[in-house]
Amino acid sequence: MLGTGFMGIVHTEAIRRLGFVDVVAVSGSSADKAKAFANAMYIDKSSGSWEEIVKDPEIDAVHICTPNVLHHPMAMAAIANGKHVLCEKPLTMNSAEAAEMLAAAEKKGVVHATNHNLRYYPVVQHVRQMVAAGELGEVLAVQGTYSQDWLLYDTDYNWRIEAESNGKLRAMGDIGSHWMDMIQHLTGLEITSVCAELTTFHKTRKKPKGSVQTFTGKTLNPDDYQAIPIATDDFGAVLIHLGDRARGAFTVSQVSAGNKNSFRFEIYGTKCGISWNQERPDELWIGNRNSPNQTIVKDPSLLKGSAAGFADLPGGHSEGYDDSHKQLFKRFYQKIADPSIPVDFPTFADGLHGMKLLEAVTASDAKRGWVDLA
Amino acid sequence: MLGTGFMGIVHTEAIRRLGFVDVVAVSGSSADKAKAFANAMYIDKSSGSWEEIVKDPEIDAVHICTPNVLHHPMAMAAIANGKHVLCEKPLTMNSAEAAEMLAAAEKKGVVHATNHNLRYYPVVQHVRQMVAAGELGEVLAVQGTYSQDWLLYDTDYNWRIEAESNGKLRAMGDIGSHWMDMIQHLTGLEITSVCAELTTFHKTRKKPKGSVQTFTGKTLNPDDYQAIPIATDDFGAVLIHLGDRARGAFTVSQVSAGNKNSFRFEIYGTKCGISWNQERPDELWIGNRNSPNQTIVKDPSLLKGSAAGFADLPGGHSEGYDDSHKQLFKRFYQKIADPSIPVDFPTFADGLHGMKLLEAVTASDAKRGWVDLA
Amino acid sequence: MLGTGFMGIVHTEAIRRLGFVDVVAVSGSSADKAKAFANAMYIDKSSGSWEEIVKDPEIDAVHICTPNVLHHPMAMAAIANGKHVLCEKPLTMNSAEAAEMLAAAEKKGVVHATNHNLRYYPVVQHVRQMVAAGELGEVLAVQGTYSQDWLLYDTDYNWRIEAESNGKLRAMGDIGSHWMDMIQHLTGLEITSVCAELTTFHKTRKKPKGSVQTFTGKTLNPDDYQAIPIATDDFGAVLIHLGDRARGAFTVSQVSAGNKNSFRFEIYGTKCGISWNQERPDELWIGNRNSPNQTIVKDPSLLKGSAAGFADLPGGHSEGYDDSHKQLFKRFYQKIADPSIPVDFPTFADGLHGMKLLEAVTASDAKRGWVDLA
Amino acid sequence: MLGTGFMGIVHTEAIRRLGFVDVVAVSGSSADKAKAFANAMYIDKSSGSWEEIVKDPEIDAVHICTPNVLHHPMAMAAIANGKHVLCEKPLTMNSAEAAEMLAAAEKKGVVHATNHNLRYYPVVQHVRQMVAAGELGEVLAVQGTYSQDWLLYDTDYNWRIEAESNGKLRAMGDIGSHWMDMIQHLTGLEITSVCAELTTFHKTRKKPKGSVQTFTGKTLNPDDYQAIPIATDDFGAVLIHLGDRARGAFTVSQVSAGNKNSFRFEIYGTKCGISWNQERPDELWIGNRNSPNQTIVKDPSLLKGSAAGFADLPGGHSEGYDDSHKQLFKRFYQKIADPSIPVDFPTFADGLHGMKLLEAVTASDAKRGWVDLA
């Protein structure tokens, strides 16, 4: 486990649920942080040096849960040492890094994954099966948002705000990457053109002089801040072309009060439409023209094809955010255990594609117009 | 009453609820249609000639509920005859017509209104009062959609589909005009730039050889259609600037299965956010960062300032689409009865502003880039 | 129009929408109140004496919208004068009065109605058609509530609180009567046994020395109250048998914070279930076991059989509380206009049945056990 | 782990997430079943004899996830061997068994828990803190249901249907026990009187001759069934007194189509009300009289006092059914690790109290009237 933040905990718990994988070691930005994490999470080894961990012969795979700027060096070193790599999204700082990681991993023959865990809510997989089976008809229009409010105030601060740690795209990179990955994963169509605008509402933010845990510093005392000029986006809006025919729009925001983790999408086809909201992850809405609309409360007996395999509990027993990680990790480690099975999770190729989309968004914002993807 | 369609009925009932205004006469596209409407609705006079009605000395005001192409000639003739005019939206075929109508009405001193009735759901007026009182803080971001499904299939047909009757903008003109009017009415900010794309998914539609009542032909027999090339938009997506600082995006659609009349908007300010959906018109969501979100089920005792005056029933007693017309018409006729009171409804000036916005959307779509409003 | 309260306004507007019925006169508890109402609502005649109104030869029908204690004398006098009578619910103070009214009306041959308007939300009528068509299968279980909060505080006051004006059953009589009427109307089954408990949480309430408009006194000044011992129920809970086989439970409350007018019912059959909430009157939920649940947003094209005739607007255009009155009144006056058509609204027979149920509830509460209906 | 059903999997995963507890062995109704479970879940030891497991010196604690009839013998044997015991609910077949288990566990000094995991959704704990802090005022009324549909058809079968394995109360015992536990846990009040009716709609069910996995046999082939007379309840309705003053009603059902796991409760106090539905476990509704209602989407920063400690993820990141188990188990094993900390989970005392309530419900149904709890 590389990284000791909130995602490090989520990954550790999800791995342990599998029953056939152990969490052996953790690295942090300091030996103390790593040690504290190891103690809290009952992990044997810890280190302030990730370089040490990625060389550990006892270790088969690493999970990269650090600021984005570290993804590439960590992954490259891990691959060089023959470790399998599961990396958080956005995969890298730019598409060149991602391409390099993909090439290295393929060459070395290690298993590689980008953690687009949000694909793995059971009813979301049902949408994918519906589309694949032609139940939506041809996709005409998509829309939605990924909106949060944890950076609403100029006193909100986190490493993601800083372009050096995070890359230039913040809301778009952190959550917009999920939105675009999801819509393509579900429809089986690629985003072919974008017309985007990115906005930084808080041109300056007040950075606390001490340290802040992501998401939790909601009632910080206004003393002892440092004024920091901000270059990363609070909000973005994008028009998209999806495949040849479909059109759409989405927004991303980290300043939309009342939205805690509101990832919403709607997909309208020639036969029916669907709508989903991560804040009610077990529910799926299916819109019809000539018959009543439909809602599914997650129930394996109502899910199509392979979608039922992503639901481990009976109908109406909610499966949450942690469960989506478990589903992805299970498939990642099954692949490691048995290289003959097909890949059933997002790889570095998906992460690379995501970086190219983010670069197109940046280019579109800069030129104030449409940008086509190659 | 000029027009015998669905809106003619809605207007007639809403007028009668006022108690101090009579519906005297109706015109239709034929004498027979007008007569049939008059009989069904218990109206004394009917005529196949609207020119006759607008001259009738017994009549003080006319309601224009016809295809858009007739708005301008009807309004100009009515004004010339000194009639007050309440006209459906979009106000005209283009901004030149609207400007002419506004000038004529002002010169003649008649009362004029554009029927943006959707402003008058009680909880929507509460939003306006919240914004005006500074409860949202500064507006940062807006988003939403106006989505319907009544033109999903290529066998769906209506006069609105034909550019000659309706103007070139269909989804954008019919329902996008409401979206843009609402967001400006509520925030008190004008849309200053747009970047839009309009799409016609059905390039050809099958026109029934007989006549079709709006919205009702959902299960037409596929026989006896005529293939008609279509130039009006099924779907549109727009990025907007609102005032100096706020950013946003919205879509309009008449092909989104399961959306019957789903007019939704979200407005996020520096203090809180709001969200509303016309399919649940009595409910308002207020999003907060550091305290629970809030929901209002329409209740006059919870509405701010003048908003309570738009609710005629106690809390939890729903007020629907018809009621929004009643509220607008009441204020229109009160103004006629007492010219000294302030105008409290959308006038031809609002309708003209709307036409300019629609023209900017058209221009933006054509040039594939941003267009600023003067 | 007998009565000048909130319901008087609702009735007046709904009558006028019909187009073929005039509101000629109004009576109030004083000549001044009646005059004020007549002026505000543009009604020609007013009187402080209802006895005068019910004799007026110009009048064909009366609407009784007064405290319950006056329903019987007013109705009996109106019937004696050959007037058709539409009376608010609960119909009377007891079943003997109701039986007398029914007998008198039948003997005189006048048209009579009990205003269970809530039956006439379009999607509610769809439920009735679903049940009638066997789509629910056999009804097994029903449940729900009618909950409000307008009498939560002991400073809330209204004529309904006083047993002399209202009768002994308050929450149960005012809104429980609607619940029981609805469940029987929709299922076509009669309530055959009840086991009830009624509770008065505020044994004393503070009556303002001045007058209070129903529902509006939410922020009364605590001065100048008079302590009044209260005998009417704030809350009630009832187990029921419905027909031979179905079982269920419901509650009524006027002290449930946050419920403005929350009339909810669920009906479960051997094939599917349904759920509805008056605070979202245009929506219907249909629950399925082996397929997705369904939701209808009111849309005439999706409503079964005669239910579509209760929707005057296209899909997604909300029809609210006022519209439900219009639908009932239209059928009442159509029956007056054409005695040959079948009765399609609740009559005094329904009102009498309701009074018998309320008496069974009272008896059950008194004996603390089950009471069968004859 | 005693038991190899759906709950055995849930328990195993939740234990492993803790990081400091190992799952060492599993027993099943046959050696083969136990072996298959152990293989699938990567558990070292398995046995067809639970008697063997409860004696294993390597084992500190047992989880009892078997049909109810086995709870008592298993727990008594485990306690006799000094094992800590976490047992599924309802705790036993009757209160005598539960009392015996409680006494034995207390005497032996082992830690004991009844698995009312549903208490541990984060927003539910927030309700408990709100009540404790007086934010609801005095509780007046409670209502709700626990409704499912997995036993709707007479072809649905499971061990819970058989009184010998399950005890006489089925819907009431399995899910009604959760409802009653929750309402008392949250309000801090005990149920003091009940008036109940229990109903078996399917007097006969068709038992498949092979074996059936709980919840999954939704589309069984109608061949090869055996007709079994059924004595356990499909549906129940109960009026309750809660503490001295509060009143309420609830239903339980396993035959309500469309309800997958719909555990809903509403609690109304003199200051505000709350409502929750397990099918949307991260949401809490707070109802107010004189201000807007409120909704919380689970967010640790909005949860009161100790409630935040039950949320391990940031706002809007859903925590589901599995997570509620993790929270309970964590506190159970922390208590084992450190006997000095207070008990913060339901014990056998809660399970015993639950059994007494179920016996009161049975008695009330039998006598058709109210039964007071001692």
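For this structure, a couple of remarks:
Chains: A, B, C and D, in written order; residue numbering restarts at 1 for each.
We adopt the following convention: contacts are C-beta pairs under 8 Å (C-beta built on N, C-alpha and C of every residue); 3 or more make two chains touch, one makes a residue touch a chain.
Everything numeric in this text was worked out from a predicted model, so none of it was measured.
Contact count check for B-C and B-D (C-beta pairs in contact): higher for B-C. Of all chains, the one whose CA centroid is most distant from that of subunit A is C.
Subunit C has its Cα centroid 34 Å from the Cα centroid of subunit B.
The distance from the centre of subunit B to the centre of subunit D, with each centre set as the mean of the Cα atoms, comes to 53 Å. Taken residue by residue, subunit A touches two or more other chains at 218-219, 259, 286, 290, 293, 297, 301, whereas all remaining positions touch fewer. Those residues of subunit D that touch subunit A in the shared complex are 6, 9-10, 12-13, 16-17, 19-20, 41-43, 148, 150, 214-216, 218-219, 259-262, 278-283, 297-301, 312-323.
Partner subunit D is touched in their complex by these residues of subunit C: 140-141, 143, 145, 149, 152-153, 195, 197, 199, 201, 218-219, 234-235, 237-239, 245, 247-251, 253, 255-259, 266, 268-273, 275, 285-290, 293, 368-370. Those residues of subunit D that touch subunit B in the shared complex are 284-286, 290-297, 301-302.
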